[in-house]
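Read from first to last, the chains carry the letters A, B, C and D; within each, the first residue is number 1.
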Amino acid sequence: MGMVGGGLTSFIGPVHRKAAGIDGEIELVSGAFSVVPGESKATGEALYLNPNRVYETYQEMFEKEAKLPASERIDFVSVVTPNHVHFGPSKMALESGFHVLVEKPIAFSLQEAKTLKKVVDKTGLILGLTHTYTGYPLVKEARNMVAAGKLGAIRKIYVEYPQGWLSTLLEKSGNAQASWRTDPKQSGMGGAIGDIGTHAANLAEYITGLKITEVCAMLNTVVKGRHLDDDTSMLIRFENGASGILMATQVAAGEENNLNIRIYGEKGGLEWRQMEPNTLVVKWLGRPMEIIRAGQSYLSDDAKAFTRTPAGHPEGYLEAFANIYRAFTKAVRDYKPGKKINYTKYDFPDVEDGVRGMNFVQTVVKSANSSKKWTPLK
Amino acid sequence: MGMVGGGLTSFIGPVHRKAAGIDGEIELVSGAFSVVPGESKATGEALYLNPNRVYETYQEMFEKEAKLPASERIDFVSVVTPNHVHFGPSKMALESGFHVLVEKPIAFSLQEAKTLKKVVDKTGLILGLTHTYTGYPLVKEARNMVAAGKLGAIRKIYVEYPQGWLSTLLEKSGNAQASWRTDPKQSGMGGAIGDIGTHAANLAEYITGLKITEVCAMLNTVVKGRHLDDDTSMLIRFENGASGILMATQVAAGEENNLNIRIYGEKGGLEWRQMEPNTLVVKWLGRPMEIIRAGQSYLSDDAKAFTRTPAGHPEGYLEAFANIYRAFTKAVRDYKPGKKINYTKYDFPDVEDGVRGMNFVQTVVKSANSSKKWTPLK
Amino acid sequence: MGMVGGGLTSFIGPVHRKAAGIDGEIELVSGAFSVVPGESKATGEALYLNPNRVYETYQEMFEKEAKLPASERIDFVSVVTPNHVHFGPSKMALESGFHVLVEKPIAFSLQEAKTLKKVVDKTGLILGLTHTYTGYPLVKEARNMVAAGKLGAIRKIYVEYPQGWLSTLLEKSGNAQASWRTDPKQSGMGGAIGDIGTHAANLAEYITGLKITEVCAMLNTVVKGRHLDDDTSMLIRFENGASGILMATQVAAGEENNLNIRIYGEKGGLEWRQMEPNTLVVKWLGRPMEIIRAGQSYLSDDAKAFTRTPAGHPEGYLEAFANIYRAFTKAVRDYKPGKKINYTKYDFPDVEDGVRGMNFVQTVVKSANSSKKWTPLK
Amino acid sequence: MGMVGGGLTSFIGPVHRKAAGIDGEIELVSGAFSVVPGESKATGEALYLNPNRVYETYQEMFEKEAKLPASERIDFVSVVTPNHVHFGPSKMALESGFHVLVEKPIAFSLQEAKTLKKVVDKTGLILGLTHTYTGYPLVKEARNMVAAGKLGAIRKIYVEYPQGWLSTLLEKSGNAQASWRTDPKQSGMGGAIGDIGTHAANLAEYITGLKITEVCAMLNTVVKGRHLDDDTSMLIRFENGASGILMATQVAAGEENNLNIRIYGEKGGLEWRQMEPNTLVVKWLGRPMEIIRAGQSYLSDDAKAFTRTPAGHPEGYLEAFANIYRAFTKAVRDYKPGKKINYTKYDFPDVEDGVRGMNFVQTVVKSANSSKKWTPLK
């Protein structure tokens, strides 16, 4: 594994490295960690890497790694840079023969995303996307329950992603995370909607298996002086006639990372909260509510395959992240040139999800700027 | 106290009677409990009332009671009939010289509500409205916290009222509650929006002290064969620039009566849930979350005045209901003909709230039928 | 209904009156509310009672009430005085022909309790005891589940009653409640053990239907200067071989009234917490946990008979208290002189529970003073 | 790093490996994974190890590793075998010059534990013990709060460790984990008390900084046919006069791994639950309860040093485990022959905790067999 981005001040870089390290199946051997001169080398040293395989640019990295013997060179690269540097390295990596695991959103614009999709299709290589939250075992259990019809036809879907960390103008106080995420030049056309709204939409579509077909959105920039939206709420409609609400905000002061979803069908509803991810609440019409717990013997094989500890030994965010790596690298190991990968079998977010996410952002921005109630999402 | 409606099969009648009975300050002495022949008498008997003061119609009741000596006749009447019979008895009671406590919504239409307002203004008598949920002590505490600026300027308001009891076509199976609530002739132009959506709107405006100025609403009839909406979601905007979401549904299968509200300001947020009403969660930016509990010595006098038991001895729905009675009857006792009542001092929902609620329902229905995104709520 | 005790500064008097008032079935008409000169009259006035039936002493009350016509005089009396004045009025009431509902503990000593039992047996009248917590609907549901064998044979029972209100020497600061409860002359030989430990023991025996047969107890006076225990922990054994722990403390600073119980059998366990009394958690071996909720249609008739509101409209402490009144007065209404009452049918704590409680206190004190591990509880 | 035990069917072996892998600071390079012929090799292969460094016995491993150049050989060894094979490899590892991280309990008997202590003292090498639960950041925060006197003098300590997985005679159904843990020849004199009771005692002493001085214990073998205790409850006293309860059971059907602790001082109490480890509840006398959350900026440096993700991105059991590795390996890196290690600085359980744990087990068994109430724990 190689890495683009993830230098010493990065938030998500270490998360990727820890997640990749948990199962002992992946070794980081190469990286172009930063465009700040010297920082890539420094990061490589801190990570005990062979300095020969630590590069100043991703271009150099892909060129040189591609020339190494197959048994030695990296199999895939993780792209963990800010949004505006997702496309470049991902495209070049694929074109240099490396599989790619890229942070979400997949690109800076829908256009870039669609281009990447073409490159994936052309090269036949694997592109994974870290919509981390679908990596949780009970999210998979929830999806299985819906697919098995346990809730009956789905009627209502409420998905929320409240955070509070951007309640003040943090980007003006030297916070690196806040700076790039609120900068349209680095983040793209969406602030909160791109950063966390896409996770919410992805989670809703993943669990229900239903596509959002229309949105009626409000985008706000609540904190004065900010250059991108930090708050969104929208009414949503799904392909089967279900409807609901999607909310994502970064100005809910006091909230941490409170992604949650509630889904109601004819027979009952389910509720999952990322901050207590090992519990899935199922409410039934006319019989007692059930609490489903990670690690239990009664879970589906899909949930079990992504669990590392017995019930009552909590797993968390890093393990969910590691599950994306587990599924992606399983596909990478099974990859055979010229043979199409069956994404369903491996269960990780891919280039389709990436295009979908960019499309979602663009449509929400369009809806927010429109005085018409509904805007279709194709 | 007299009562109109609340016969033997009524849900809300017994709730009113129990709530009125808790504090030992109010005695039910008269009633016109039902239009079903004989049922009013039967109800009176079951309640140990003097049969001479149990009437077949509210008209008869007000006529005869008005002729009794002042020391003997009822002081006020509770109107607990279905929506389409709120206006008639309320108006006649006022015009007969009785104060009125009426179930919400105050009337069948905005027009009726406005007429009632005029009657209240003209007679100078007191009209209270059982928006029960504002009777909870911690709702009052929340309002105090917001008013005191503890959260800073309010930015986001999310209020939800999910129920699941109308997930099936219950009205076709002989359920009396379901029947009239889903019948436009008895319920009015709104189903879920009138029955529970108004509670949600009232709660949000009560706690924040802010008026909703615009709505962007979706109204759905989810269960086939139903004649009124059973589900609504809307984006909302408030007078100070805050925005949020209001959701009310009766088809969230497995939900009981899960009214809840979250309010975020610049410095923190608060969260209250009706199903665990003795707990108020306060989340702060940069310091530990606090759990405020009913019955504690640190609460405001407003909250304390509406609490009957020490901390840890839970109070519930009947006590909240009793608080509406407590505040209303306090005003009734203080009433002096010709002197205007200071509603703020007593803190119970009044005719203004009633008009506001009907206006809200009408505006939401208008918005739902419009292809424009926003509809003003005046 | 008449009342002994419950003057203006009483905590439990108003609780009794509110509980008795909820269902509109009981009318307080008489009282000897206080031994403080004038306070009884003042209380009667505040309660709108006929002054002729407000007495300075309970002796006067029983003498005069007994002479009233049957249709007019009180049916029963509630004794809500401090512990050392439970025996006198209860005995005299019974001997004057009145049924009695007495606060727990039933008496000051085991000897008194046994004497009362004899008076009950001799008069054939009804004595109820306000072990309030068994009045909660879900406590009854829990008892039904255990009796029906749903958990299999019971193995472990953990019951706790932590409070924190006596964490300081409150009795020295003029707090009336603290004063008599920590005074051996008014409270008896037990402090926390008598005040709340008996509730815990009663709850455990009520739900499981099993008697405690042995205790191994530690009694502590944690706060310096206090004259009675304020804290206890004990190992306990039950008649069927089950074992467990009983804890009761009034110095768990920050706790409110956190009575809770967990019971485990061969197949699963259940957990109930008084502070969220409308929820019963059932944990199963090998299948999802269930959350049972008050007011739901799937509950047993026993639980339903003691519920006043639909699911999601929370009930609390006053309603539980009202359930003791409801069951007790049902028996009082059915009472026929000379005919034995079937206590099981009515389901309220009675004189047997009272004797049992005093025996428990005496045994725990004995165990605490012993260097032997186990002391039998007969 | 090398490993003794942890073959393909091991529960705790993979946990160690995953925990060691998270931070990318530790590399497993050698192992004697099993005494089952061939399994050690097979495990090594599955872990991509160099087969030359995978051994059939730990004796062979220590001999050969000791002869490798310092830059190449293992720095330390993790001993993850069943209890009866903790002593042998730990002792030999130390005597061969390797630091040791050993699973708890440190040994099969108190005698072995004391011998190990002597070897540690003599060699000056580092021995760590995986009392995992003290690795959680909020456990460290709790300890800091107590040490800083925020709760005032500690009065009551309640620690519980309920599990339900041994509710049936699982050891007879071929479950490898159940088999050795219920076998006195592999597990030692204690069943539940050794397996999980020691964790509870360690946690209580760790957070409070107080030693248990006396126990009054009941040990039960609840499931018929089992050869060791599966359930214990005890009253405990601490050196400062505080008292409390320790409960540990493996027959609480439906419980997962519900270790939890509540500690009350003069001013308030705190509560932590392993199954939701990122939340620390603090209850205060006379002011609102506080919820302290992992990853927040207001935490102590001690807690922050052991956190990997921002607030709201939950951490779990593997991260707590990784924290033991992090602290232990920090000490290993700082180790200089002849220089004494300052254990307080690194904050991981060591040989003293190991001796303490064995002493605790032995004392509890003694107490359980005694008819005297209290048995001192020295």
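Following the convention adopted for this analysis, contacts are C-beta pairs under 8 Å (C-beta built on N, C-alpha and C of every residue); 3 or more make two chains touch, one makes a residue touch a chain.
Computed from a prediction, not measured in an experiment: that's the story for all the values here.
K.L.:
If we look at chain B and chain C, which chains touch each of them?
P.N.:
A, D
K.L.:
Taking contacts as defined above, which has more of them, A-D or B-D?
P.N.:
Counting C-beta pairs in contact, A-D comes out ahead.
K.L.:
Could you tell me which chain lies farthest from chain B when each chain's centre is the average position of its Cα atoms?
P.N.:
It is D whose centre lies farthest from that of chain B.
K.L.:
Between chain B and chain D, what is the separation of their C-alpha centroids in Å?
P.N.:
55
K.L.:
Quick check: how many Å separate the C-alpha centres of chain A and chain B?
P.N.:
43
K.L.:
Could you please state the distance in Å, as a whole number, between where the Cα atoms of chain A are centred and where those of chain D are centred?
P.N.:
Taking the average C-alpha coordinate of chain A and of chain D, the gap between them is 35 Å.
K.L.:
Considering chain C alone, which of its residues make contact with at least two other chains?
P.N.:
255, 282, 289, 293
K.L.:
Select the category (line, ring, star, complete, other) that matches the graph of chains linked by touching.
P.N.:
Looks like everything touches everything, fully connected.
K.L.:
Show which residues of chain B lie in contact with chain D when the two form their complex.
P.N.:
So the residues of chain B in touch with chain D come to 282, 286-293, 296-298.
K.L.:
Which residues of chain A touch chain D in their complex?
P.N.:
Chain A reaches chain D through residues 11, 14-15, 17-18, 21-24, 28, 47-48, 163, 255-258, 274-278, 293, 295, 308-319.
K.L.:
Touching residues of chain C toward chain D in the complex: what are they?
P.N.:
The touching residues are 151-152, 155-156, 158, 164, 167-168, 216, 218, 220, 222, 231, 233-235, 243-245, 247, 249, 251-255, 262, 264-269, 282-285, 289, 370-374.
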